[in-house]
Every structure is written in structure tokens, then in C-alpha cells.
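These are the structures, in C-alpha cells.
In the two complexes that follow, subunit A is the common piece, with subunit B as its partner first and subunit C second.
Presenting the complex of A and B:
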């Protein structure tokens, strides 16, 4: 109503007014650009430039050992040398195991946390502790608790039980344990937030229709939490795939994770080419996972009819 | 189809001093449509959730066909519930939603398909099986929810304000459909609502609840025309409540002294001379006649509002400060300021004053 009433007065305004409006719009465009600058500038300087440097370095065009001629030598090296291929496999293995275990533990916990039980608030406070403890400290926890000669091993010794070594073990189990310590709470937090948004009545409907707790979990809570579950999976995978501090502290000498290899290539061997190629490969892998995530999301939207 | 009994059910929430349910006892007969009616917080939904097994009672018992089901979890009670918010599974299609309860009962895929189709046809949603809930209107969603509940052939159908989220026209239509469906299937049904029109239109019996107790229970006409308490009388519709005292009792009728003078009513209850009472006059029970009629109280029309099928008046009996609400069918015959006579019904309810 108001807009209709105003329209004639705008139309009958003097041309100077339209001129002034145009000037104001131009000014606003500059202000908008100026406001964008810090964010866009940061992105440019802190992300785009290093990425280009990385790409150039991996092609032998930048940094130490640059030949000035583009070469794929570093990539060939990365793809053929067993040190690097095993690093890739090892990182992938750690990332997949961490993601899968985080999801299983966290989704079950998130579902339980939806219920009202005595001590629920204590549990939901306790599981957040690892969020404020750096994972490096968790790595030391593994050293003192589950390492060889650690607390658990010593506790079990009188019973004649041999505690498997989680320290420097080539399976990466110790690394996964520490990564879980940090990633399970994050996953619980994300999945809980989504699970809490499931209407109570939807769960009640499932219960009255004959679904026991387990079927309510698998048939209602898990599918309806899937946006949170997939988002958490993505975050955990990317974090675990690129993990450096923990494997460098408690990981085995062989195989090593890509990050550890990369650091060694850069700092110990000054081979910028292979280090950069490893970096590019890692980013490519993460990119593929991200693309898969979005494809999955689009497909689930399509399935649930949102697109229609 | 089954018979349900509640025995002294008590429920408290948190530290609230007043219990949400304060000793609710109730029998629902096989095939009956019983409505729990009351304002918000009266305990009607809590009662329904306790029947469904979604909430545990603190005391008392719930019996299905004479056997206690207090310890039976919700998913083993063989009931089905319809919610105000529809509560369809958003990630499943209409057909998958309806199939859910059957799959929980481990029926073969072929049986499921046949029953789902039949249930969707029953609620006139046969065409929309492949849609997702969010692609449906509120009324369609609630039809699907009803099909999903009925398809499992529940012992007991529980409906928690199922029509409250719908617009008035749709509500009236679904009300009729729901009643027809329930009578066709003969399923024992408990219906929770705060809408007295729904309760009156749907129910075999209405249980009126207030403050965690069942105040009154009876057939719709009985609770509407002969409420036992002021709370019921007021909740079920407009009422002129007039204070009085019993003057004489003679045979089938008695007389009551009130502001309107000495009035004669059909005798009811165990009222005797001197008992203080409240007369409940429904607006549509009062008649307006011409001023030269030889019966009724002289009165002046203060207000007249044409409502389409009826006209509502407020009339002031001459010399008495007691405006009466009157509803007459058809267009307005009297105008504001007209002198008329009001005829009071002899069959109106007379309540014991302070009786709840």
C-alpha cells in the first residue's frame, strides 16, 4: 500500500533527484568494494597466492630447485616412489578409519543424548572436554597411558595380558585413537545439533507404529540426521587426512602420513618440487571428497523432493 | 478393537506443585469414539501420551482388554497415534510413510503394497503415493498420517488435536470424514481437542477435563444441555448463568427464585428447597416473542448481530440488570430498541452452585 502511494511522487521528482540517486548508487558501489576488500584481500593474499606458488613449485617453476622449465618430474616421483605412495595410502587409511569410527561412536552418542536420562547433563558436559584440549596433548596422553610401558600396559601386565603397542605402530591405530579423541566430540556436537531438530512427534509416531529404540535409531534418527552426519564426516576426513602433529609424534617411521612426508621433503631434503606435488595431490584428494559430498547432498535433496 | 481402562492415573512433571494428572479414571468401550476435551494444560494430551506409552504414569494403571499395559513399551502396544503437527517422516514418500508400521510388523512386501494402496484409497490419497510430505498441503498430510495410523489396524486409535493446524473449512470437512471413517472401521478411538465443536460433532462421549481431572463425562448432548458444572457449561458454548435458590419442589418440576423472578424448571438432581443453584440457559434455548404475547419476560433488544444462519441478540429484561444472550435462527426479526418478550425454557440445566 505504502509503495503504491509513494510511486507517483518518485515519478514526478525533479531530474536532479534521479541524478543524485545515480551518484549515490555509484558511491555505494565503491563503499561496497571497500568493505569487501579486507575479506577478499585476505583470501587473495593468504590463499590464492600460496596455492599458485604451490602449483608452480610442483611444476618446478618456483622455489628451491626451480629449473625455469615446466616439468612433471615431481609428480612422477610422487606417483612411483613407494615412500610416497605408501604415505598416500597410510593417510587415506587413517582418515577413513577416523571418519568411520567417529561417525559410529558420535551418532550413537548423539542419539542417546536426545533421551532424558539421569546424568545426561554430566555426559554432555564431559564429552566437550576434548574440544578445549589440544590434540597434541592427547598425543602425550596416548604416550603415557596406552603406549608400551604406559599405564594400561602396566595395569594389564600382572594378568599376563599383552597390551598392543599403539605407539609407532605401522597400522596407525595409535594415531587414529588420538584423532578420535578430538574428532568424536566435534562429530557429536554437529550430529546432536541436527538430531535435536528432529521433531519429537516424528520419533513418537515411529514408536507408536511399532519401532523399538534400535529401529527408531536406524530408520528415523540416522536418515534425518544425515545432513549433520555427512557434514561432520567431511570435516573429520579433511582434518584426519592432513594430520601432521600427531603422526610426527607417535607415528611409525614407515609408513608416514603425507603431511609428515611433505614436511620432511621441505625442511630436511629441501626438495620443493616433490613437497609441492604432495601438497597438490593432498588438495586434489580433499577436493574430490568435497565434490563427492556435494554430489551426495544434491542427490539426497533430489530424493527427498526438495528440488521439485 | 479393544476396551481401554484408566485407573487412578497420576502424573507429575518436574517440581510443579500441582500434578499434571490428578487421579484420572476412565473407561473407553470397544468401538467407542471418546473425546478428551479441555483447555490447555488440563492434562488431556498427557493422558493420551500415557495411553500410548510415550509417557510413564507416576501412579495408577492402564488396562487394555482387562490386562495391565503399564509396563508395555509404546512400540509393543499395537496402537497408532495421529499428531497435531502430522509428524510424517520427511525423508519417506507418502507410500513409504504408510508402509512404515507394516514393515515394523514384518509383513511381506506384497502384503505391504496391497494394504498401503487400500489405506491411501481410504483417505482419498491414492494418487499421491510417490510424493514427499513437504509437497503436500496440511490437509493432505493429515490424511496420510491418518492412513499411516489406520493401516496397522490398531487396537486403539489416538488422535492428538489432529485438525488444529488446518483452516476452518477443511477442519469441518475432515471432521465429517474422520467420523465416517471411524464408524466404518469401528476402531476404538480417543480424540484430544480443545475445540468444543469438534468434540460435540465427533464423539460418542465427551470427557471434559480441567486441572488434571475428568470433571464430567457423557454423551455430547448430555454434557452440552445438562452440564453438571459451571466449568463444563462455559467451555462447551455460550451460556447465560443465573444465580438462584430452589423455592418449591412439586412432582416433576420445581421452582427457583432468581433475579428473573420465580421460574419453573423440570426437576433434576437431588435438589431440595433452599438449595443455592445456578441456571444454565443456552442462548439458542431462549425464545423471543412479540411484546403482546401472553408469556415470557418483557425485555428490550440492546444488540442484534446477523450471523447468516442465525441472529444473535443481547436483550435486557425490563427493570432487571441481567443482560441475556439469545440466539435465534434466521434473519433478524427485531431491531435494537424494540420491546419484546423472552421465553425461558423449562428444560434448562440447573446446577448446584459451587459444584465444580
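Presenting the complex of A and C:
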């Protein structure tokens, strides 16, 4: 029972105890509702209304320029036009590359940060900087280093080495580099928190039983940290899949990410139908990834349960 | 501290320390220094490759922050919106946090999920739906529209922090105060408030910075009448490449409160607050 009521209880005129209890319960419920309405209620309305609008607009039922007759035209357009299909492929590519690379970099860094070396505290303060840097500024900061005319290009020029231009690069490499800078720190934070929670005795036991350091790392530390690692992967994937600011600035003219296509559809062409259909498809894909994540988690739990 | 216990050699440890420190400096500190240099470039001279350092420095770009109308306007808009979003998200979020932390709720888990929902939705999807709804409601291109839109993505953070703080207050203390004869209002003022003040402060800071940095929703809802600093930064970075210097100034103006918050948070607040706040970049 954590409930506290700071308000004085009002003496009720009801005679029986059950009646009094029921009235009290009802009053408690109204107080809860009144407390939740401004915050949670506002968020609920502010989420549900746009999502309903999105769904209706994608079916041509509602919204600006809709005819009011139900149609799947926007979805057919999204599924058949190469501009949109390539956008889906491009966004998926970027999200997968960012997720995999940030896991690799973050796991390695987290492993090094477990070591006690001079300056460790400084490093663990510094690597958190991108956590609070908005992605637009991240794009600017990274480009001043790796972009065309950036510091690396300038430093390499005297040696006659041409630094590849990451700006508007059709492979999406520039976008991935910025996304990595932005997403690796949160991954490190999560992975090291999980790794630190592994009991020392488990590792010692594995060592005593004759496992080498490499074997311990891959057979003990990685499996035991996998819930944290997969949660971090999920966060990075969703962020990289939906990111707008970075690809809109440094992405190529073709292919473009879904987010950039979507925004262009309604901001430049006022085609809210196709923009909404893209939005619904994006939610569906995020949902699939979430479902996959939960299925994977359940399966790994089942496997470890059987092993035990 | 057990991940690399197998590295025993002292010299190897120092080598690793050197490498990690160098990498961290290059990746996280150098870009900041270069951004500061860009903000100080003399516009009459410029800073062109292959020069590694600008030939001459000036404060002209910082003066532009107040002299160039679009910059000063965006500066005022951004900070006005941030103050309003902070006040609104604390006022609206506090009762919900109180209910989540200290009252019996039947569907507590569901409500917690609902509060976090705006963070799982890609903001470009939310922006599309919201843009259309706000045009219909006449909130498009208004200050109120931008404030409300930002509250949707800022409030989940404030509610989470406030809930964590409020549930951290021991019930014993409140019971003791009540037993000793304190009236409910006195308990709220003299016991609860002092104990949640750091959390309120953290929530306010996070809301302020979150609002200052928010780009996409403000962009879709506010453009072109309401222009915040991130929107201006987007314009300076995309295409109009000659204004790299202004981009640097705007970036630094946005970064200073943020970095100040990071270091304050590191010192004053517990790590959990930070982790709770920055679930999503």
C-alpha cells in the first residue's frame, strides 16, 4: 500500500460500512482520474487523434484534399512507385548498418571501460556528450570533421590523399557515421550497465573450470548481457529508422529515406494521402521489429530455461 | 571492473589509457573546438581549405546573433517556447506523476506505457498526423501550436523523472509527520516539497533543454511563421553552405545550456535521472 492521501477525509453521512467503503472507493477513483487527466490524458489525446487522422487520411477518407471515398490508392502508390520502395530499402539499410556497427563499437568500448586505467573517469564523462546533443548539431559537428572541407580532408590534403565525400553519398555512409556518433554512447551506457551486473563469481567459476579469457567473453559475458544488448539494439534501430534531420541534410537526392520522402510529400506536394500511407507503413514496420524483439527474447528465455 | 582483468601488464594498461583518451578527445572534443573556431571566423577573410586554422578571428558572427533579425527573432522564440513548455509540462505532468508514484492505480502499468508511447513512435509519423490536425484546428504556425507539440515529446521525460522522485520519498517520513500532528498541507509543503525539489529541478532542466532542441515537430507545425533556433540551423546547414559560421553560432547557443545541464546532472543528480531522461536521443 503506497497510497497516501494528503486531503483530510470527509466524514460521510452514510450509515453502513460497506456503503461508506464503496463511496470512498468511488471518490478515490475520481481523484485518480482528476490527477491523471492533465498529464496522461493530454498525452493520450495528443497521440490518438493524430494517429486516427493519419489512418483515415491514408485511406482517402479524411484530411486535406481527400475525396471522402475509401481508397487504397495511396498504399498502391507507396508499394509500386520505385521512389517509395527504394526509400524503404534505404531506410532499412541505414538502420541495420547503424545498429550492427554501434553494437560492435559500443561492446568493444564498454569492455575497455571495465578496465581500471588512468583517465577512465574523464573518458566516461566525455563519451556521454552526444547523449544531450540534438541530431542536427551532431550532423554539424561530425561534418566539420569528416565532411568535404572538414578537418580530416584538410589534414590529408598536403599528402595528396583525397578524403571521400560523405555528403550526399548514395550509399548512406555519411548518414550512418553521424548516426553512429549519436547512438554509440547510449549503447555503451546500456551495455556496460548490464555487463557490470554480471557477478564476478560466475566469471571466476568459468575461469577456474578452465575457460580462457576469449571463451569467457563469448560464452559467459556476451550471453549474460544479451537482454541489455538487444534492448540497446532496438533503441538504436528505431531511432535510425525514423531519423529525419540527418538524412534531410546530408542524404543523397536518390535514394531518400522514408522520413525524408514523407515530409516532402506533405510539405512540398501537399499529398497528405501518400504521406499518411508511408506513416502507417512505418508504424507497421516498427511494430514488426518490436514483435520480433519480443519473440526473440521469449525464445532465448525458453532456451536458457531448458538449459537450466 | 572485471571485463579485461586478464590484461596484467602495466605498460599495456597505459597504452590502452592513451589510445582511449586520444580517441575520445578526437571524436568528442575536437568537433567542439572546430565549431568554436567556425563561430569565430572573420567573415571578411573566411576559412577555406587547405588552411587548418582560420587566418583571422572576429566576433562578427556572435554579434550577428543580435544584429541579424532572423537570428535574434529565432533566439527569442526558442527561449520563450522553452520557458512555456517547461512550465506547462511540469504543471500538467506533476499530478500524473503523483498518481503514478503514490496512489493506488488499477492500471498503473498501462498508464506508464501510455506515458512513454510518444517516445516509441517515430517523430516524423507524429509530425505528419499532428501537422494535419493542427492545420484543421488553426494551431498551425502559432506559438501555442509549437508549445503543445513540444509538450507531447517533452512531457514523457518530465513525468518519468517526477514519478521516480516522488516514489523515492519514504512513506515513513510522511506518516511520522502526520502522527506528530502536521496538517496535510504542512506535510506537502514541509516534507514532500523539499524532498522532491531536486527532481523538480531535474525535470524542469530536461524539459527546457528538450524544448530548446526539438526540431521536427516545431518545423512541421510552426514553419514558416514561427522559427526556432534548430529550424534556422537546419536552413543554414542545408544548401546555404556559405553560412557555416552562423550554423556554428546557433549550434553553440543551443549546446551551452545542454552541456551545462549534463555536467550539473553528473554532479548534482543521481545517474538514474540521467538514464531515465535520455532513453531516446
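Following the convention adopted for this analysis, the second predicted complex is superposed on the first by the 283 of 308 C-alpha atoms of A that agree within 3 Å, B and C clash if a C-alpha of one lies under 4 Å from a C-alpha of the other, contacts with A are read in each partner's own complex, and residues count from 1 in each chain.
The definition used in the following text is that a residue touches a chain if its C-beta (ideal position, glycine included) is under 8 Å from a C-beta of that chain, and two chains touch if they have at least 3 such contacts.
The structure displayed is predicted, hence computed values, not measured ones.
With both complexes brought onto subunit A, simultaneous placement of subunit B and subunit C is permitted, the two fitting side by side without a clash.
By the touch criterion stated above, A:123 is placed in contact with subunit C alone, subunit B being left untouched. More residues of subunit A are in touch with C than with the other of subunit B and subunit C. Within the superposed three-chain model, A:194 lies out of touch with both subunit B and subunit C [touch as defined at top]. Of the two partner chains placed by the overlay, only subunit B lies in contact with A:209; subunit C stays clear of it. When the two structures are aligned on the shared chain, A:57 is found in touch with subunit C, with no touch to subunit B.
Legend: residue contacts after superposition of the two complexes on their common chain; A:235 is shown touching subunit C, with no touch to subunit B. Once chain A of one complex is fitted onto chain A of the other, the partner contacts of A:223 are limited to subunit B, with no touch recorded for subunit C. Nearest C-alpha atoms belonging to subunit B and subunit C sit 6 Å apart in the superposition, given in whole angstrom.
Across the two superposed structures, the residue set of subunit A contacted by subunit B and also by subunit C is empty.
Taken together, the subunit B residues at the contact with subunit A in this complex read 49, 52-54, 73-81, 83-85, 87-91, 100-101, 104-105, 131-132, 134-135, 145, 148-149, 152, 158. Across the complex, subunit A is touched by residues 1-4, 6-7, 13-14, 16-17, 20-21, 24-25, 27-32, 34-35, 38, 48-52, 91-99, 101-105, 111, 114-115, 117-118, 120-133, 135, 148, 151-152, 155-156, 159, 167, 171, 174, 184-185, 187-188, 192, 209, 213-216, 220, 223, 230, 233-234, 237-238, 247-248, 251, 254-255, 258-259, 261-262, 266, 274-275, 278-281 of subunit C.
In the complex of the two chains, the subunit A residues touching subunit C come out as 1-8, 28, 31-32, 34-40, 42-44, 46-47, 49-51, 53-54, 57, 63-64, 109-120, 122-123, 125-137, 139-145, 149, 151, 153-155, 157-158, 181-183, 186, 189, 193, 195, 198, 200, 203, 213, 217, 221, 235, 238-239, 241-242, 244-245, 248-249, 258-259, 262-263, 266-267, 272, 275-276, 279, 282-283, 286, 290.
Subunit A makes touch with subunit B in their complex at residues 199, 201-202, 204-212, 215, 219-220, 223-224, 226, 304-306, 308.
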